[in-house]
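Below you'll find the structures, each written out as structure tokens.
Shared between the two complexes below is subunit A, which has subunit B as its partner in the first and subunit C in the second.
Right, the complex of A and B next:
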């Protein structure tokens, strides 16, 4: 142990002893994130059903099974709903061996875990050691022995503030949340946490040398998953109050470790052996945890043992098929494996269900295929629908023949007209999105109300408000359900390098013709062309198109460079595709192209963000011009227009012009045509630099 | 008086909670605790007549059974309570006639009409009589283990080789009693994946009994030299079949193959008036977390492999040679008769 000076913040032992007989837990019933939006817009996350049972029930049940005697449920978003639910439930009955107190706070005053703990500290409710857990944690851990261990450790280390619980799971485990990859440095002799780093999309990690000097033996662990359960000494709350910059658990740990020398506070890690704990932090984790519950890893928190007054027990039959009473199965319908069907649901004839959860009072028609889907209560699915990897919230209605792409999330009350096809990874909600969150919307677009996904449907595409640094995170859960999840992720990370490396390899392929030889790229091109054409004709919003193009990108596994090039080519060829004839080589071409480009400006802006992507698009422009000599004449106009709209930057255009063209023939045609524009640009630049001098 | 009601509710809640937390060690502990609970409930609850009491017992008993559906002992005890109420009521109504009831002939049972007796009469003496009967029943439960092990010397002879599986307190007591007078060997199958056999082997070795621990896969190979198989069971079904720890069926089949006597130590409270339908094997069974079979850490494996971890085996009655209960030895074919003595036919369906 380090010999730093002892601080006054450590509570004297005597006070703790008094509280020792009552075991207290704080349950934070808010995850302070929008991972589940739009589903969580109307209902708190803690009350979302997880295998036909509200999530908070699992958390309370596991606390009760651990022998916790008093639980404070701290709710922020939709606090009234949680309060109401708990009041009606068995948890608040006087005879219950665990007493529950609900504390609610408005979401303006409490935006993070840190805020809520500061608030609890302000109320001075807790004086002894306590268990801190999130309401979306599902676990069958016996917490009392860990609490004892925590108290035991205090005898040797007065500065212990927290024992955090981790679960071992190797890479590739489904309950490893990609958002929460972490590397932990632990002293293996006593389990003390020496360093904590979130490793998501990092390539290098650095550790202070002192750590190794001081401890000699250090375990670096990448196989641990945060369970979001911790045993805290009472001093944790004042620590949060003293440091207003502690927002999350990670901030807290880092803060403690940095100030270790001064405050002599330490954090320990407890590694679970043979018990289960996981947090439903995003939709992929919702999927993983649901599967774990169905496959009984969470025993005894399994559907056939969970019951309350309102919900009867599920009965278990072969291959983990759970049914509540009143389930009707049609002729030749199959519940294959890992299926849960809620009370009074009806499943039609020849319907096939596998690895899915179906809620209460659902009506599912004939010839429906459902796999890997989570369907909540009162959902109506008509005949011949096809649902793979989707989350369908309460009261959704899918008319005949609706097809959902992988990873769709349908918010409560969405209704889809017959035959609607929804592309992969779309999130729909029942009311039109509020546009105030988005800053990229231009004036004319705001006037057009967003259209539903198809006529006669109630369903609007939900856009996540853009957060800083959230690209990778949102990517991770938007990719829910794709088999190749891991590969695509790493590809995204390495995108920039990969692009540079692949330039040489791909260029030959691309040069040969207008369309790439590569089958994937060709199919992708056709798909993009179709999307764009439809998008232009139906005036679909740019963001929706980007979504569509992106999903095609994943489907055909094309690189970002190819996407940039092919999108441009598709746009340029749109007039001739739509009119079914080649360009006339006159100004009419430009007249036809201009509105199209104008409509797609948001799409272009989305793709052409940096210099490299602009160079790609210029290259595409050039190739297109070489292959369609008639188009070549208006290249200059296109360039000028795009420059004027600030889609292409001056530097990119000049750089493109400075580099020799891939196709020598371009030198005489395209380059010649754009010559006046380039000179104009150069002059303008000289002028401006003169002025600045 | 709401306070009395809430007090009972409190006792019930604590019991169900203990049940959920698996605080009871073994089925005898569970049986004792639930009877003590019933004693409290019947003693404190307000009821006017036997009918009302029985309805309440049924209602609460159903709730217990739902909480832990695989624990048949709870249901058995509820039925036993109903039977006690019925007996005491009949006794007080007709005097000593009840005794003759036990000697009913088969014909009389068959021809007897199933009409329930009128239980709505208010008999003030009923409550103390019931309490006394429950007290007697409690002592019977407490001594059941001793009663069974008292018969050990009739079944275990010198230099015999006994095989058993898993850990059963009754079997341990049985063997320990026999070891006081006779020298014999015990082979214990370890009973994977829970490995309760390890504990039994350790305990037996400590009690100076020569013990061999074998993996479950070696049961058949070792059976040839075994003189007797003695096991415990979770419960005995109405047809004389067993609901016993997973692996018992293998053991029973191996014993049958070598014609080794297959003896089951089962106190009376484990007799359950329910039948197992062969189609409903999964409903009858209980599946625990697969953790013991495959650790949850194993990254890719967990999402690609389906792992099952059943706790129980059903052993058909034709594989069982003898039941040793606290009242003596019985053949499986006689179980139905014992059941009709223990429980009233109208209480089988709670």
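Right, the complex of A and C next:
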């Protein structure tokens, strides 16, 4: 074994029994988040029931099944409740093959995973390799082989600090937690993690080139899901102590990878084959994991094999319907598929339940519809209620005809008066929010919720305290039950974005539909556009620009007509090119264009010398206007300005207007818009001719 | 005829100018055969009966004679470039666009490989790929093999090739050099690409064989789009990127009422890549009926519903190397002679009849005089050479009509056509292109004509 590393880190005065021989696990019984609020206000997350069993039971059971001999349960929030629960449970009996030690810390001193590991390091409890797991993880993974693998790797790589366990699950799989989306770069030959990124809010992922140079073969994986189980070398704890800024696992991994060259520490990844592991990190995941348990993906951690003595076993019948003893089912009631009903619950007549969990001692009335709901213990649901996609905590009472919108969460003790309708994605709690003085919900909150609670109800809308960094994350479980739509939508955005990127990469794909199809003219246009842009930004003199444009003209061999047209088009498109977005069609457009035209007046005067060139430019103006409806609106202003500056002569404008446009559609758009200007011109001419007479 | 073959043989050999200043790259000898012979042989073995060849005009006669000279049955259809014209590979393709009738196989004349081509074609055919490229796994030792001439730091032109782990789809293709210059040493990938291909294997040690099977419509696109000059540098990355662009929805109903207008606009507007795309209706229908899919985890159809698809055939075994640098050229000579009997079982090489000490892995050309007391190891000697007494030659490439006088030691060098090395020289890791006088000692030098040096 690997004594060399151990002896370096072990504290003097070690115990007689070598701890390496004992397989040790640290179970962090707090997720340091408020995803489950308000349900977790009074009860720790680890004790929340998951398919009628406290979550921590699953975690301890999976550790026990993998052969762990000693587990430290580290509690922060509501530590006393967890301690009490464990003391009463089978886990603390002397007959238990796994010994458990509970460590608790006040939540003021410990606010993150990092803090808790620093605290454990301070207590110097751990000497050997250990398994680090969160108490909200459900898994049936055999951890010992992975631990062996970890030790085996240390023979070749002394710097190994952690083997983290990942599960492959493809995009769109329900066990992918939307807020924990990650991208890993792995060396496929040995499984070393080379790069770790949380990709939730990223559109583009960047990887250092150095990594590819160093490793000829790199796998980029987007299909891996973090199970929150890791095999750690003892050095992990001091590493956390040395770096106070490591708060989460992600911080730790990033830190290790950044300091890789200095400390020579490495992290490996283990991909699960055929085992199950998932973390109940938010309510959507609670939903997903519950379904996995009911559909027996987590075997042997399934309701009918629940080993705890205090709860009677569930019996399993067809279509994954589990019932504990004492369940009564009324006439014509249906438990359709994937349903779990707890001890002594009563279900009334003509009630329909599907894909749901119902806790102990619940009373459900007649004609109730329940689907995709998680109903905990002692809940009373009266007749004709309708519940779809909801989480209902202990002791909730729904009077007759209550309707819950999708994704509602009702905290313990909430009572809703008959006929109450709750909008989707609402969280209710039984006591008024502490920060607010009023009973009614003020409209100042970001969501403009009507007061959902009628006079006889006990239930107040819970507003999640707005954390700076978690606003996006909270959105995720806000959307419980609606995820699919959200996902496709974002994908569309992504692809649109992708197309845009593509366009930016390739100038030949540039938007405007009025670009010349001829390659030479196109290059000429681009060059002119560039010259003009630079000319405007650097205030280059008109004469020099004319020289530049002329040289481009010869380089690309374009006709004079094309030059006239393209120069005008380039000038007109300059504002939108410079701001990189189309104008809004108001005076602002004109405000942006005017100084540009003013600056280029010498250039225009140079090119527009005779009647023909003016006609060309007017044609270009028209074409541009037809293709850019936004521009069309200000055509009149542009014409007027150019006329006023004597760039375009009256005769040319009138001749242009007299000839039919090339594009019939221009008749209705551009011609219509310039109509007032033309009439004004004509009138002016008549006047002047009158005068001359 | 399902495929047409095109050999790009107008390359200048810009990475080995010491050897190519008076001869085209495609005629440099590898194991005493002109480089292009290997491409022709490979095509003939794959069953091609004729091939389009693009060369420079002044070598036309010489190249046209090759099949005759070496008994190849393949017919050459030669297209010439003027002497000083420098055409990129895409430009060359544009030049012969009228001759292209079907999907094409494009190879470069400097490729020597024994990978069965039908496997590449199979991949191309199976997936109706737009472009299929051949890559081979190369060991870094081969790339870093020693070369004669001045010692320079070998610049490896590596590509980062992103392959989907599930299917051999080519997800991205960038050259390391581009990234280094443009992107501050980072490779960025859009997340939407990762969503389509959640498992990407990025390989940095693959050698692009510059062998592409290209669909006809892509050829049309290339010939229409004049901004492309290089296949490898521009076209391929472009097509690979275009895989992820959504094809515009063709709204037939909308087009029908004013059909005459739409026809005009089609001709005048710039045609985007999708307007070139020619789908096989039969194949589309089969796919829509079939339950087959190339990936799982989402509801997209086969090939992620991409109309443009690029695939990569990665040869795990077999020999594949391009003679595009001096190192590779030397290494190729050494490797090919070792593998000759397995690569070309039907092309026998006659062992030299001589009393001289000739080691294994040697090749002696016809009419070459070896004096009895010379020793030759790991070397290739061309035709009509004259090797004097007590000459020791190790690890050398000696082209035709070379004279080496007595008591000379040659090591790891290349002796160009018609060069002469006089008595008692000691030459190590040099390129010799003219007469080297007696008692010369050189290491890592280029010994070529003085007038040529002036020219430079």
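Throughout what follows, the second predicted complex is superposed on the first by the 448 of 693 C-alpha atoms of A that agree within 3 Å, B and C clash if a C-alpha of one lies under 4 Å from a C-alpha of the other, contacts with A are read in each partner's own complex, and residues count from 1 in each chain.
The rule is short, and it goes like this: a contact is a pair of C-beta atoms (placed from the backbone, for glycine too) under 8 Å apart; a residue touches a chain by one contact, two chains touch by 3 or more.
Predicted model, so just to flag it, every value in this text is computed and none were measured.
Of the two partner chains, subunit C is the only one touched by A:220; subunit B is not. Legend: residue contacts after superposition of the two complexes on their common chain; A:202 is shown touching subunit C, with no touch to subunit B. In the superposed model, A:83 lies in contact with neither subunit B nor subunit C.
Contacts of A:127 after superposition: neither subunit B nor subunit C is touched. In the superposed pair of complexes, A:170 makes contact with subunit B and with subunit C alike. In the superposition on chain A, contact of A:254 is made with neither subunit B nor subunit C. By the touch criterion stated above, A:361 is placed in contact with neither subunit B nor subunit C.
By the touch criterion stated above, A:337 is placed in contact with subunit B alone, subunit C being left untouched. Overlap of the subunit B and subunit C interfaces on subunit A: residues 170-173, 223. Within the complex formed with subunit A, the subunit C residues making contact are 140, 160, 162, 165, 176, 179-180, 183, 185-195, 197-205, 225-227, 238, 241-242, 244-246, 268-270, 272, 296-299. Subunit A meets subunit B in the complex at residues 64-65, 67, 93-97, 140, 167-174, 176, 223, 274-276, 288, 291-292, 295-300, 302, 304-305, 307, 313, 315-320, 337-338. Interface residues of subunit A, counted against subunit C in their complex, comprise 170-173, 183, 188, 199, 202-210, 212-213, 215-223, 491, 494-495, 497-499, 501-502, 505-506, 508-509, 513, 515, 517, 519. Considering their complex, residues 6, 9-10, 12-14, 17, 20-22, 66-69, 282-283, 287-292, 295-300, 302-303, 306-307, 309 of subunit B touch subunit A.
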